[in-house]
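Quick one: the structure is below, and I'll ask about it shortly.
So that you can tell them apart, the chains are marked A, B and C in the order they are listed, and the count of residues begins at 1 in each.
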Amino acid sequence: MRLTTGLHGYVVLRFSSGLEIRLHNLICAMILMMVAVVGGVALLTTGSTDSTFSDLVGLFDGDAVSGDVAFAIADVRLPRILMGFMAGWCVALTGAMLQSLAQNPLADPGLLGLSQGSLVVIMLVLVLFPGLPLIFTPLAGFAGGLAVAVLLMVLVGRHHSGGLGILLMGIAVETTLSSVTSILILYAPPEQSHAISSWLAGSLFHSDWSAVGSFAAWFVISIPAILVIGRKLRSLDLGDHMALALGEAVHITKPVILIVAVLLTAAATAAVGPLVFLGVMAPHLAWFISPAKGRARLFLAAMTGGFLVVAADGLTRLGSDQVALPTGLAIMMIGAPIFIISLRLRTISQARTG
Amino acid sequence: MTGRAKVFSAFILILMAAFFANLSLGATNIAPEDILLAFFSFDADNYDHFVVIYQRLPRVLIAVFVGSVMACSGAVLQGLMRNPLASPALLGINAGATLFVVGGVVFFGISSAFQGIAALIGGICGFGACLMVARMSGMDGNSRGLSLILSGAVVSMLFIGIANALLLSTPELRNEFLGWVTGNINHVYIDLLYQMWPVGVGGVVVLLILSRALTLIALGPEKAASAGVNIVLVSRLAIAAVVLSSSAAVAICGPIGFVGLVVPHIVRPLVGAKQTMIIPGCILVGASICLIADMVARLAFSPFVLHTGVMMDLFGGVVFAFVVRRYYLTPGLRRSL
Amino acid sequence: MLSAQNLVVSYGKSPVLNGLSVQFDTGGVTALVGPNGCGKSTLLKAILGLLPKSAGTITLDDVPIDDIPRRTLARRIAYLPQENHCPDYIVLGELIELAGYARYSLFGGPSAQDRALFADVLRTVGLSDMAHVPVNSLSGGQRQRAWIAMVLAQDADIILMDEPVNHLDMKYQYAVLDLVRRLGQEHSKTIITVLHDLNLASAFADHVVMVRQGKAGIFGPTKQVITPENIRMVFDFDADVFMREDRLVCLPRQDAQMRANAE
C-alpha cells in the first residue's frame, strides 16, 4: 500500500491488488465520520431532560447516574440517533444509486414513486388491518415499493437506455399514489388520519431498541451494496451501450440496483416515514464536499444523509415544545439552504472553468 | 358547417349539458323545469330553489372557472415550452400557491380575504423556484424543457410537503384545510370566487388576445420573429397570465392537478394545432371536464363524496403515464406538438 | 473469427437486417459501407448484443456470442459507438482506466501490466500529457482520439467502430484512420469499422463489406469489392474507380446526364 499519483493526476492510496482510493475522498470521509460522532455524542447530552457530558461518561463507566438521565440517554436518545443515522444513510444511498440509474441529478426515491408505493401499502395495512403486529409493516412496505419498481420497469419497457423515461413514469405513478394517500387521509377516522399525516412528515418518535434492531438488519445490506454496486455505477455513467461493451451485464444489473434501492427505501420508510428530498440533497452535498465516483460517492452520500438526519433531529429536540417540528421539515430547513448554496457555488465554479 | 365549427358547436352543447346536469343531479334530483324556475322566478321558501342557487350554482361556477383557467394555462404552457407534459401543477405553480396560503394562515393567521393574494404570490414564487432549480441543476442534456418538468416535480413535492408539515403542527387548522389542500370544489369557497374571478378571467382574456402570437411562436422562433412578434414580451406576458390565473384558481379550491395536463391533449387532435383554436377549445372543454369530474366525484362513490382534485390526480396520473409512453418512449416517433 | 448467419434485427415491426450473413476476416481493417439506413450500425450493435435479434446467430470462434458471458466478451471485443457521452467530471486518465473494467476483480484495480498498457496507449494516440484533462474539455479531434485510446486500452483483439471519423476535420480523419490501419497491421488486431465515405474505405481498409437493404451483398478484399458495378448496385450511382500511385480512388461521376437524373 503506498501513496502515489494516479494516471488521472489525483493523489491516491494504492493497494497491491490494484485498488486505488483517492486521498481527498478518504480525508473527507474521515472528517465526516468524526463530525457525525462528535455531533451524535453532543446530541446525546441535549434534550428536554437535563444532562451533561459527565453524565454520559458516568453512564459509560457504570457509575450511578440518576434513573431519568440514564433512561433519557440510553433508551430514548441513543436509539433515536442511531435510527436517524441509519435511515438517513439508507435514503441518501438510495438517492445516489437512483441518480446514477436515471443519469439525472434530480432522481429521488420519492420522485420515482417508490416511497409512495411503500407508503400506500403500509397505510392500507394500518387502516384495514389495525390489529396486525408491527413487525409486518416493513414487509408491507417492501411489497409496495417492489410493486412500484416492477410497474415502472414494465411501463418503461426493456430496451430504453437513459433514465428520462423512468423519471417521467415515476412522476406519473407518484401522482396517482399520492392521491390514494390523500383519499386514505381524508376518509380514515381522525386519530388515524392524524397519525398517518404525522408519520408522512417523517418522525423519529417511535424509535426504540427493538425498532433499531429490526432496521439494522436491512441497514447491514447496504454495506455489500455499496461495495458491489458502487463499481458497477461507474460503467453505467458512460451509458447503457458502453457499459455493456465494457463488460457490465446491464440488463441484469439495473433491475438489481433498482430492487436494492427499493428495499432500502422501504425499510427506511417503514421505520421513520418518508424523508422527502433527502435522496436528492444528500448526494449533492456529498459531491460538493468531495466529488467522488463509484463506491466513494455512495459512501460519502450515505454518511452525509445520516449526518443530516441526526442534525435535523437535534434541531427538532432543541426547538420549542409547542411547535412540533416534524423531522422531515427539519431536514428541509437545514438541508435546503445548504443545497441551494452548494448549487449556486457549483454554477459559479463551472462558469469560471467552463 | 365546417368541421371545426361542428366541433365547437359540440363543445358548447356538451358544456351546457354538463352545466345543467350538475345543477340537476345530486343528493336530490331536481327537474330541469325547477332549475329554470329557480333562475327566473326564485322562490325563497322552495328548498329545491335554494339548493340550486346557493349550493349547486356556486359549485358549478367554481368548476367552470377552474376548469377553463387550468386548461388554458396548460395549453399555453405546452405550446410555449414545446412539451406535452407542461401544466401548472407540474411546474410548481399550484404547489407554491398552496404553500403560501397554508403558510399565511398558519404563521400570520390571515383571513380568507387575503388568501387570494397569498396564493398569487405563492404561485409566482413556486414557478420561480422551479426555474431556479432547473437552471441550477444544469441539465444540458435534456431538451424541450424537460429539466423544467423534473424541477417542477421536485419543487412541488417539496412545497406540498412543507405545507402538510405546517398543517400537522396546527391540528385545528388542519381539519379546516384538509379538504381544501386536496383540491376540493365546494360551494363554501364561493367568496373566494367573487374575489378572484377578475384575475382568472383577465388572464384568460390576455391569453386569447395573445393566441395568434402564441400560434406563431409555436411554429418556431424564426417564423415568429419574421412575422414581427416580440417573442420575449409575448412569452413573458403569457406566462404571467398563466401563473396568475392558475394561482387564482388554486386560491379558490386548492390545487386541482391534471385538468391543465389532460384537456389540451383532448382538444388538440380535434381542433388542430393553432393556439387560436386551442385556447377557446380548452376553455369550453376544460369547463366541461371539470363539471363532469365534479359530478362523478360527487355521485359515483356515494355516500362518499370524493374531492375532485384527488380524483383528478388519480386518473390524471394514469393519463400522464400514457402521454409519457406515447411521446417519450416510442422509439423514433416524431414528437411534434 | 467473427461471423453472422441469417441475422434478422428489427426496430418495431420493420426489419433493418434481413437475413444478413457475413464472415469477417481475422486481422486487418474491414470497412462496413452502405447507404444510409442499410443497417451498418445495427449490425455492430447486434454483434455485441446491444440490440435484440429476431433470428439468426452470431458466432465468435464458432461459439455463439449469446453464450459468452459479458465480462469475457468485453475482453475479446471492444466497441466505439458513434455518439459518445461522458459525464463532465471524467478525466482522460479515468476514462482509460475504465477500459480495464472487465479485468478488475471486486477489490482490485489495474495491475502493473495494465498501467503500462495505459501509458502506452496514450502515447500511441498522442495524448500522454493530457491525462488529467476532463474528456469533455478536449477538442473534437482530441476527444475522438481519447475514445480510441480507451477502446485500445481494453486490450481486445477485435475492435468494432461505428463511424469513428464522422465529425472530424480532414486532417484528423486521416490521422485517426492511419492509426487504425497501423493497429490492424502492426498490432494484428481485427478492426471492423463503419465508414460513410467510400474513399476513406478504399484508402485504409483491407477488406470491405457492402451492406444493402439489410443484407451483406458483397464482401471481400477491398480491390475486389470496390468496383464501379458494385457501387452502382449498392449505392445507386456511377463512379470511376482507379489506382493512383498505389492508392485506390473512388470518384463519383458528374455529368449532365447524372444531374438530370438526380432532379
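Quick notes on this one:
The working rule: a residue touches a chain if its C-beta (ideal position, glycine included) is under 8 Å from a C-beta of that chain, and two chains touch if they have at least 3 such contacts.
Everything numeric in this text was worked out from a predicted model, so none of it was measured.
Closest chain to the protein centre (all Cα atoms averaged), using per-chain Cα means: A.
When chain centres are set by their Cα atoms, the one at the greatest distance from chain C is B. Each chain gets one centre point, the mean of its Cα atoms, and the points for chain A and chain C are 43 Å apart. Distance between chain B and chain C, defined via averaged C-alpha coordinates, is recorded as 53 Å. Separating the CA-averaged centres of chain A and chain B is a span of 35 Å. In chain B, the positions touching at least two other chains are 331. Multi-chain contact residues of chain A (touching two or more other chains) are absent.
The multi-chain contact residues of chain C, meaning those touching 2 or more other chains, are 85. Interface residues of chain C facing chain A in the complex, by the touch rule stated above, are 45, 48-52, 69-71, 73-75, 77-79, 81, 84-87, 89-94, 96-99, 101-102, 104-111, 114-115, 118-119, 131-132, 154. Listed in rising order, the residues of chain A touching chain B in the complex are 104-106, 108, 110-111, 155-157, 160, 164-165, 167-169, 171-180, 182-183, 185-187, 190, 193-194, 197-198, 200-201, 276-277, 280, 323-326, 328-329, 332, 336, 340, 343-344, 346-347, 350.
Partner chain A is touched in their complex by these residues of chain B: 85, 90, 133, 135-139, 142, 146, 149-151, 153-154, 157-158, 161-162, 164-169, 171, 174-175, 178-179, 182, 257-258, 304, 306-307, 310-314, 316-318, 320-321, 324-325, 328-329, 331. Residues of chain A that touch chain C in their complex: 6-9, 14-15, 17-20, 159, 227-228, 231, 234-235, 237-242, 244-249, 291, 293.
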